Amino acid sequence: MKHPLKSIVLLLHCDDQPGIVSAISREIFTATGNILQLDQHTTDRSEGQFFMRVHFEVNAQGYEKFAESWPMTAQKYNARWQLYDMSIPLKMVILVSKIDHCLFDLLYRYSSGEFNVEIPMVISNHEDLRPMVEKYSVPFHFIPVNADNKREAESQIMQLAGQNSDFLVLARYMQILTPEFIEKYPGEIINIHHSFLPSFKGAYPYQRAYERGVKLIGATAHFVTEDLDEGPIIEQMVTRVSHRDNANDMKIKGKNLEKLALASAVKCTLERRIIRYGNRTVVFT
Amino acid sequence: MKHPLKSIVLLLHCDDQPGIVSAISREIFTATGNILQLDQHTTDRSEGQFFMRVHFEVNAQGYEKFAESWPMTAQKYNARWQLYDMSIPLKMVILVSKIDHCLFDLLYRYSSGEFNVEIPMVISNHEDLRPMVEKYSVPFHFIPVNADNKREAESQIMQLAGQNSDFLVLARYMQILTPEFIEKYPGEIINIHHSFLPSFKGAYPYQRAYERGVKLIGATAHFVTEDLDEGPIIEQMVTRVSHRDNANDMKIKGKNLEKLALASAVKCTLERRIIRYGNRTVVFT
Amino acid sequence: MKHPLKSIVLLLHCDDQPGIVSAISREIFTATGNILQLDQHTTDRSEGQFFMRVHFEVNAQGYEKFAESWPMTAQKYNARWQLYDMSIPLKMVILVSKIDHCLFDLLYRYSSGEFNVEIPMVISNHEDLRPMVEKYSVPFHFIPVNADNKREAESQIMQLAGQNSDFLVLARYMQILTPEFIEKYPGEIINIHHSFLPSFKGAYPYQRAYERGVKLIGATAHFVTEDLDEGPIIEQMVTRVSHRDNANDMKIKGKNLEKLALASAVKCTLERRIIRYGNRTVVFT
Amino acid sequence: MKHPLKSIVLLLHCDDQPGIVSAISREIFTATGNILQLDQHTTDRSEGQFFMRVHFEVNAQGYEKFAESWPMTAQKYNARWQLYDMSIPLKMVILVSKIDHCLFDLLYRYSSGEFNVEIPMVISNHEDLRPMVEKYSVPFHFIPVNADNKREAESQIMQLAGQNSDFLVLARYMQILTPEFIEKYPGEIINIHHSFLPSFKGAYPYQRAYERGVKLIGATAHFVTEDLDEGPIIEQMVTRVSHRDNANDMKIKGKNLEKLALASAVKCTLERRIIRYGNRTVVFT
């Protein structure tokens, strides 16, 4: 009997008030659990928000007990929370168009075991990347999108991915999702934007970075909201450029950043390190 | 007779055309000069711009000859150029308000010999930093500015610094210079902006960075133009922040960046590494 | 009555065992304290070490109660711990020789309020930096060291600083402290080494980095131990160099790193974020 | 007739002496060439070495002329040089064992057009990575190595790759090449070492970095020489780690660095930006 213990993560967000850590840690202890890592953050007194990530180990019986009693405690503190059994990998559906470096990077990290994740399918509005995806034995769905069929296409995506995924990743998916889709989809949607937001929102960021003459370019992984490129930021990375780099060189340099920033955001999602609140994130790293 | 050779830097910008490097290097060779470093850049064919920095050594006689003959060669290529005898330090006048970290950093690098520069004076619209400046035996001029006397104050600055400086540095000077002043002042004016431009132009960048929830903050050294925070960028630096950093923590972290980015821009100026063109810079590092 | 609450930090290290977080957080809650930040780390099961930093607020009465009861709890878990009232600044004594950039940077951060610290004195084996130190109204002690008087000099340092400091900082102090001094001095001793340890231990690291042709140089802040440059690392920083940088350019670039790495290590000390164990550190940032 | 011009790179290294730039640029101009980029570096007077990379465009006839006359000029300056027609991609043979991330990254950059390179084959001492390689339509050769057949294996590698490659890349090839092989192979051999050299030379660098408690880990791409991990460094990259990262986490973080550092070294090779001299490199970026 090698691994009789469950590995559990609890994410929690509520108004700050004395006694929360004590209540939670006692409840874990009572359930015979052992805390491996606890990271907690309270904002400035003016905002007064409390955030916590607890990673603990507990046997199956203890976990059952905790899962039963915990919701009442949470209610007492009026907390939003999520409880994860880490042995159950999250399901990530990837949307992509034709640019393949982010997709490719995610599939490699998936196949190499770096990501503990299931990929039920990849969805694209083009057929181009089907062979690459199928090499990894991941189902590929082609859902074309044009000016006339956007809603229909989105409802196909919803049908395929809605119940069959925990979160979506837009790995350079060149279609803007409608507010209706974003609202209806039950999980988070993560996008990679090829600029250092809030600089160069919208299209052609590298061209515009080149024209502005910046000395650093960046990439930003963020949650998708109704407002284009305005969602909560999860991860940002930059690299140095100079006059020797034209807009195309910047694009190539940027690809490395996009891969790294998106991979980091996905990794934090898989390890349940992210709490979103308002237009910001707490990422417990 | 220790250093009989002069150390010379030539900066040059013109339309691209064959033979420029050959013409210049021949002229240096003919003047018995020896090239220590030559860095040259040509933009995309569509733009077709040629930039060069040559650093060479030559004896006094050779230099005289070169300085005499060179302008005709330059005219042939319709080039903008600047020729510097590196033994003559540039004169930098610093403008500052009350925030002292950038001023302090510049003065330290000046006094420690890291910068080969003269500082004829520091000008401020407050008296606060007089003692710090006078400790370094640098003259301090107090020129108050308010809604009514701006033009008068600027003409005082012009009178003091106009002929007595090669460039100005706004080391957190909290007054916006008028377009008239910028146009009239004969040298470059360098500003340090406490954000990663073009993000968070204008006031309170750290507060706004905090509110936007970015994961990196930055600082930008740029040339001052009529359009606030839109001038050619010289140097940018960033550092990582997290949810644990409030707007004040960001401000403290940002100070390190501001010092480093401004120091780098000043160093590149002193070593004559910067060519400005349109709204961009070529920085030969 | 503005700040009726005390701001308290508890650092703790013991063997891992269930219930510690619960016990501590209950004890804080019982004392009517409110946890602002709790960061906890448990090593791999094989090592089984538990580390925690708790920052909480509590009124004077509650703190008294906690300070009284807490040691018994700690004993139960066989824990090493330190309890700090954050309103009492730590006392830092700086040792320096002739190279001044680190000293200067620390004094500036102290005088500007960035560091919440007392500096009872600066000690040097040269007179050179006395004027700079006295500008900041910090007492300066000259204790010359040579081959014959090392022990005597150290005992003078001990007499001056032994009871009058919480920790020592070697801000480019070019004397090697004897194992006897290190053992006898009651607090930590922090050194800044001008290389990316464990590369280039010992003397002339920039020259050796130049000769090895590395593409990045670094600086390392570490605790001083008997074994030269082998103590627990607190902070490391690097910057890019190229063939254009000779050993002297590297030295100048390195100075920026040394200042930043040492400042970061001092800041973490002042905020009581560091737990040392074996030859490593846990730095709760 | 779209691209009637050839794109040529000349790399050159000799003792410093006046007139070299002039001679070369005149010769290019005489051949009706146009210099796109010229980067030149002279070491300290004590070493007195001259390095240059010139990138120029010239028509076929002019190139013929230049290629004919140039060697005599070079001889005059006693220069080591290489002349490249950039339309002819270099041939890179990859050696790999079982760890696949670097191989995978190189193949992706090759297939996506980021690298202008030919890959005539991949050679491995294990069969594991054959399917991945053959997906890219690149020939795969299995050459097992053990204690007894090392020389024989190397002579097989030489037979396959000796005449059919411009350089070799050891993309985590876990066999040490003999000095005889290194000497006999006509091109450069590039290795990726998973530490920030000269720290942690040899085996298990991440484990040793973990044990030493460093705060940054790195990767180093270098030329292979007889002395293990002592060859000239081409590129180095680092990333931050903390107490939260165990040796395995470091390994995963390190993989990103290894890919980026190796990709950068390969890109510089393909763009003919590297001049090796003694135990160092000049990389014109």
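Here the chain labels run A, B, C and D in written order, and each chain numbers its own residues starting at 1.
As a convention for this text, a residue touches a chain if its C-beta (ideal position, glycine included) is under 8 Å from a C-beta of that chain, and two chains touch if they have at least 3 such contacts.
In this text, all values refer to a predicted model and were calculated from it rather than measured experimentally.
Path length between chain B and chain D in the chain contact graph, taken as the least number of steps between touching chains: 1. Set against the C-alpha centre of chain D, every other chain centre is closer than that of C. Note on A-C: across the candidates C-D, B-C or B-D, the interface recurring with over half of the contact pairs conserved by residue number is B-D. Between the interfaces A-B and A-D, more contacting C-beta pairs are found at A-B. Chain B maps onto chain C through a rotation of 180 degrees [Cα fit, steps of 5, range 0 to 180].
Taking the mean of the C-alpha atoms as each chain's centre, chain A and chain D sit 36 Å apart.
Our note on geometry: chain A versus chain B, Cα centroid distance of 42 Å, whole angstroms.
Each of the following residues of chain C touches two or more other chains: 37, 41, 244, 285. Across the complex, chain B is touched by residues 41, 43-44, 51, 196-200, 211-216, 218, 232-238, 242-244, 246, 279-283, 285 of chain A.
The residues of chain B lying in touch with chain D in their complex are 16-22, 25-26, 28-29, 32-42.
Here chain B touches chain C in the complex through residues 37, 100-101, 104, 108, 112, 114, 135, 244, 252, 255-256, 260, 263, 285, going by the rule given at the top.
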